[in-house]
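Each of the two complexes below includes chain A, the first together with chain B, the second together with chain C.
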Partner chain A sequence: MRLLGHRLTIPALIGLIIIALNVIAALGAPLIAPFDQADVVGDAWGDPDPQHILGLDNLGRDLFSRLIYGARMSIGLSFVITCLSFFIGVVTGFTAAVMRGWVDLGLSRLVDLLLSMPTLIFAFIILSVLGTDLPVLIITIAILDSVKVFRLARALAMNIAAMEYVEVARVRGEGLWWVITKEILPNAMAPLIAEFGLRFSFAFLFIAALSFLGLGVQPPDADWGSMVRDYRDMINLDSLAPLYPAGAIAILTIGVNFVVDWMLSIHSRSHGEGA
Partner chain B sequence: MSGHGRKVGETILKVEKLRVEVRTDRGNGPTLVHDVSLELKRGEVIGLIGESGAGKSTIGLCTLGYTRGGCRMTGGQLFFEGRDIRQMSATERRALRGPGVSYIAQSAAASFNPAMTLMQQVCEIPVKHGILSVAEAEATAKRLFRELELPNPDTFGDRYPHQVSGGQLQRAMAAMAMAAKPDILVFDEPTTALDVTTQVEVLASFRKLIREHGTAAIYITHDLAVVAQIADHIMVLRHGKMVELGTCDQILQAPREEYTRRLVAERVAGHAFREDLDTGEAPLLQVSNVVASYHSLLRVIDNVSVEVRRGDTVAVVGESGSGKSTLARVIIGLLPRQSGDIRFQGQSLPPALKDRSKDQLRRVQMIYQMADVALNPNQTLHEIIGRPVQFYFGRSREDVRKRVLELLRLMDLPETFINRKPGELSGGQKQRIGIARALAAEPDLIICDEVTSALDQLVGEEILRLLKKLQEELGLAYLFITHDLGTVKRIANKVAVMLKGKLVAGGETSKVFAPPYHPYTKLLLSSVPEMRSDWLDEVLASRVQTLAAVRAAQVSLPG
Partner chain C sequence: MLRLIAQRLGLGLITLWAASILIFVGTEILPGDLASAILQNSATPESLAEMRSELGLDRPAIVRYGEWLGNAARGDLGHSLASKRDVVEELSPRLKNTVFLAAYAAIIAVPLAVALGLMAAIWQGGVYDRLVNFVTLLTISVPEYLVGYILIKYLSVQMGWFPSLANVTPETPTLDRIYLTFLPVMTLVLVVVAHMMRMTRASVLNIMASPYIEMAFLKGLPKWRVVVRHAFPNALAPIINVIALNLAYLIVGVVVVEAVFVYPGLGQLMVDAVSKHDVPVVQACGLVFAAAFILLNMIADILAILSNPRLRHPR
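Let's look at the complex of A and B:
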């Protein structure tokens, strides 16, 4: 099997299937889920039966429905955060690489400053000060994540900016925005996409961790991280409830990484062929 | 394998109907080498010559039992001392490389490990193969350094690759290849990346090495004049097929095939000087007493003055490091000058790029040496050529497209290319796109930075012809930066010779390139390989005096 003109490896195929299933679940949550995520449909910790295939949770909500709605929240949130962090990181990273001098120095030191602080602790401080609204959560994680994107984007752009076609554009008198979007970005696309996949998994795990600690997605919205937190005590009572959301997190992360590995291998191979 | 019963004249390598094809997981690709046969005797040098893609390097690598990724030997035999290399196991092939056949690559800088001393790397092969002890290997290395005329042969090996010059590194690589006393040396374009003056010295030490050791060699190059100095036989290759095989003199003096004739003629013909056109008009570009440097006290450009008139082709020549490319960067404003003045049509140009007006930027365009990196691989030709039209003249989409098609026609390229990307073009075609992009800005002056040196000879010749035609039609002026003096003689009416950032000679080509020469000009001129097998001997004979004269002249330079 092939995709985008490259042969698909078996792990990549598995990864793509996992991602596809998750995206379908996220997009079609109201259609697929038998119940609403907030509906109390029975007793707390009700056993699985044909109507509630994974059983009920601590408040008597359908676990399967919450898992599907959780996919929507977790994946949607990570996607928005990763997109935003890439936008910030790529624009600032490319600008630093093209402008050099003081701009580069200023931005790079600022990024070093942010990198020197433990991300989770830093997120804690901001979220406890500003509250845990979704927009605040998105912007905070996006900015913290964008410093890592900045590093990669700057390194990539440094190499590309040394190419003569970028020099040609500068000598022509083109502005910064043209140089960044038309000359550099298309040539940095492959590694950036691979990094996007990787960052997506990290953002995903980060939200799960924050939710687990109570600073992420707030009830009654379902999200895999907070589900693990809510059900964690049940592990002592031989219940499988906390393992479902935890397993979902693990499987999606592995799936995304399979695809990212495959994309990275294409990237390095096409470079080898060109040499 | 080596060292026993070396007899000059005995066949050491016999290649019969070698065929190499591309095989990848996407199926079979083109055939790179079609049934090529050759025979190499001990003490003999065979030159493989052809354009890029002719299969010369592929054949060279096959003698090491190696093919590049994706390629496979699919037919024929390669007998090394009677044993077929194709039938050898991986272990046997490994034993062959080094003591049997050794390889000298074009880019010595990329072939040395920067973290190890030269001595460690030269001794590696014989010690690994157990031929010599470490002490013996070091003694051999020192002897080779001496034979190759490297400075301070006893301590040369203690240096790291970045501490020696390009020519020295290339010779160190020959020492590395020679250390295990191979039966065959494969030289793959070993002097192509060097300056002409350095090339002469490296070539001379290679020839001496081969003759003194009686080693057989395969010498791969695209330059017929270079191979003529060193080879006994020459094989001309094209598209993986043998065109002609003959002795050196026969190929040079009586080529049988049309293609060989063209190769020979390209170098011999066309050494006529261009007339100087003095129209009495004010100069288009006037560079006066310019000084520039890269954040240091060392002046990369030191008090240089050049004048370009409309319709002029002014050549700037010199070795690498002479500051000729930096001069171009100073003129277009990428490197702001520190003092001096640059006037364009009588108007002083601001030193820095960002202070120049759009119109000032438009009037001076540049064409680069490496078309590969000068064209954005992710843009179509429409975008590449169309952008300056849109940017400088703000034309409508329709007009931009029309202009791009017009420029493609002017470059003798089919209009259907408009939606292609640079990756789908050949080297010569890419360079034409570089020219088209420069012309799209409708400039008065085009700076050509080594535009033909990355191209094959015949392709480069076409580019020069195209530039000449454009000059006649559009009245352009060229500032032509090159190290190839053959080209200069043919196309430039004025020339500026640079040495270590200073201008040593300048003026009309016919005067600069005629006696009495500046000693450095003489050295440069005498270093251009000529199509005679005795050229190298003549140059070497007169070289000592020329070098002494250059040194004397450098001391008396102003500044």
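Let's look at the complex of A and C:
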């Protein structure tokens, strides 16, 4: 099989299937889930039966339905965060590379400053004051994450900005926005798309970890991370309940990483690896 | 060489200072201020103003920052808003527990990762090598809590070999501690080992492309000897770097692992403090985590200088 003119490897195909299934679950949650996520359909921790294939949760809600609705929250939230962090990171990174001088210097130092602390710890500090409302979570994580996008975008744009066609555009009198969107962006697209996958899985794991720690998505909303938290005590009663949402998180991340690996191998650029 | 090391130390101090500014700005200057965070919905304009003057928030930020930093440098991190106890007192037993956990994990993970990475480099391209690649991809994708709960389910609940909760107290003897914290340590090891191993392999293979390695082969040396004696010492600097980065990552992984195993460490303290808006404790924990992170990066830089003979004996 081929995609975008390149041969798909088996892991990449598996990754794409995993992503597609997750997106379908997230978009079509009300159609797919047998019950509503808030409906109490039986006793707490009821055993699995043909109607409730994964059993019931701590309040007697259908676990499988909750899992499908959780996909919406987890994936939707991470997607919004990644888009925002990309917008911020790419615009500032390209601007720094095109403007050079004190703009570049200032932005780069600011980024070094933000990187002087582990992201999770910095997020804790901000959330301790601003609370854990969804907009706060989204903006905080997006800004912290955009730092890594900035570094890649700046490095990419530095190379492209030195090309003759960019110089031609500038001599022609085009403005900063034109140079960024019409000259640099199209030529930096391939590595940026792979980076998007990496940053998505980072945001996805990050928000899940915050929810697991009780500092992310708050009830009555639920994502996969907070479901692990809600069900964690059941592990001592030999139940699999917390492993389902945790496993869902792992599977989607593995799928995204498979696809990213494949993209990086096509472009054979090592940008962003391990970032 | 001493000058280089002194430079790194200076850089580390400057970074720590920058981190302290970040922590302060993050907790005290951002729009939603502390007083309204503590009072939540019960805030009236009068109670807000009263709380602000009680916390000293009515004074200029730069003055408060100077005071906070000066006190922190003297080892006074203030009092917890929730428990009214001295922050240092509350922090130090927790810090000891976390350092114990991280050091225990590092002692197992680092030699294991280096040895497995060297083996992957020796058998490059083989089944073992491909297995390593696959497992690495798995472990960077799998969150710590999944590993932790799987270990609890099988090794603790079903087999009953290890306790599922790592509830240690300051009185717990060291041997018991090693046993009680075995599962959290295994979780951390599983999460970091694969990445370190893959980077060790990559650094060694990078060196394997150099002419002097070809020379060693032409001399007729066996492959393991070339890898261990000729490639590994030269790959040491990047390997040390990766190990330090992963240990810095361990600090963050510790927060989640502590929550899984209800281990009384610094991460748990910080998470509790964040949900209670207990800012002095959050600031103190943040400072300690940042310092550990910066220290590890600095040690990595210095070890990289020491491992390079050209930098060790400058002309």
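Basically, the second predicted complex is superposed on the first by the 268 of 275 C-alpha atoms of A that agree within 3 Å, B and C clash if a C-alpha of one lies under 4 Å from a C-alpha of the other, contacts with A are read in each partner's own complex, and residues count from 1 in each chain.
Here, a residue touches a chain if its C-beta (ideal position, glycine included) is under 8 Å from a C-beta of that chain, and two chains touch if they have at least 3 such contacts.
Quick caveat: nothing in here was measured; it's all calculated off a predicted structure.
Trainee: Mind checking the superposed model to see whether chain B and chain C fit together on chain A or clash?
Mentor: Fit: chain B and chain C sit side by side once superposed on chain A.
Trainee: For the superposed three-chain arrangement, provide the angle chain B-chain A-chain C between C-alpha centres, rounded in steps of 10 degrees.
Mentor: 90
Trainee: Please work out whether A:E164 is in contact with chain B alone, chain C alone, both, or neither, and reply first, second, both or neither.
Mentor: The first partner, chain B, only.
Trainee: Per the contact definition in the header, classify A:L213: touching chain B only (first), chain C only (second), both, or neither.
Mentor: Only chain C; A:L213 stays clear of chain B.
Trainee: By residue count, which of the two partners contacts chain A more extensively, chain B or chain C?
Mentor: It is C that touches the greater number of chain A residues.
Trainee: Who does A:R7 touch here: chain B (first), chain C (second), both, or neither?
Mentor: first
Trainee: Of the two partner chains, chain B (first) and chain C (second), which one does A:E183 touch, if any: first, second, both, or neither?
Mentor: First partner only.
Trainee: Quick one: classify A:R172 as touching chain B (first), chain C (second), both or neither.
Mentor: first
Trainee: Superposed on chain A, how close does chain B come to chain C by Cα atoms? Whole Å, please.
Mentor: Superposition on chain A places chain B and chain C at a least C-alpha distance of 6 Å.
Trainee: Considering only the defined contacts, which chain C positions touch chain A in the complex?
Mentor: It is residues 15-16, 18-19, 21-23, 26-28, 30-34, 37, 137-138, 140-146, 149-150, 152-153, 157-158, 164, 195, 199, 248-249, 251-252, 255-256, 259-260, 270-271, 273-275, 277-279, 282-283, 285-286, 289-290, 293-294 of chain C that touch chain A.
Trainee: Going by the contact rule at the top, pick out the chain B residues touching chain A in the complex.
Mentor: Listed in rising order, the residues are 25, 69-70, 332-334, 353, 356, 358, 361, 366, 368, 370, 373-379, 387-388, 391-392, 437, 441.
Trainee: Write out the stretch or stretches of chain A touching chain C in their complex.
Mentor: Touching chain C from chain A are residues 112-114, 116-122, 124-131, 201, 205, 208-209, 212-215, 228, 232, 235-238, 240, 242-243, 246-247, 249-250, 253-254, 256-258, 261, 274.
Trainee: Residue numbers of chain A touching chain B in their complex, please.
Mentor: The touching residues are 7, 163-165, 167-168, 170-174, 182-183, 186-187, 189, 272-273.
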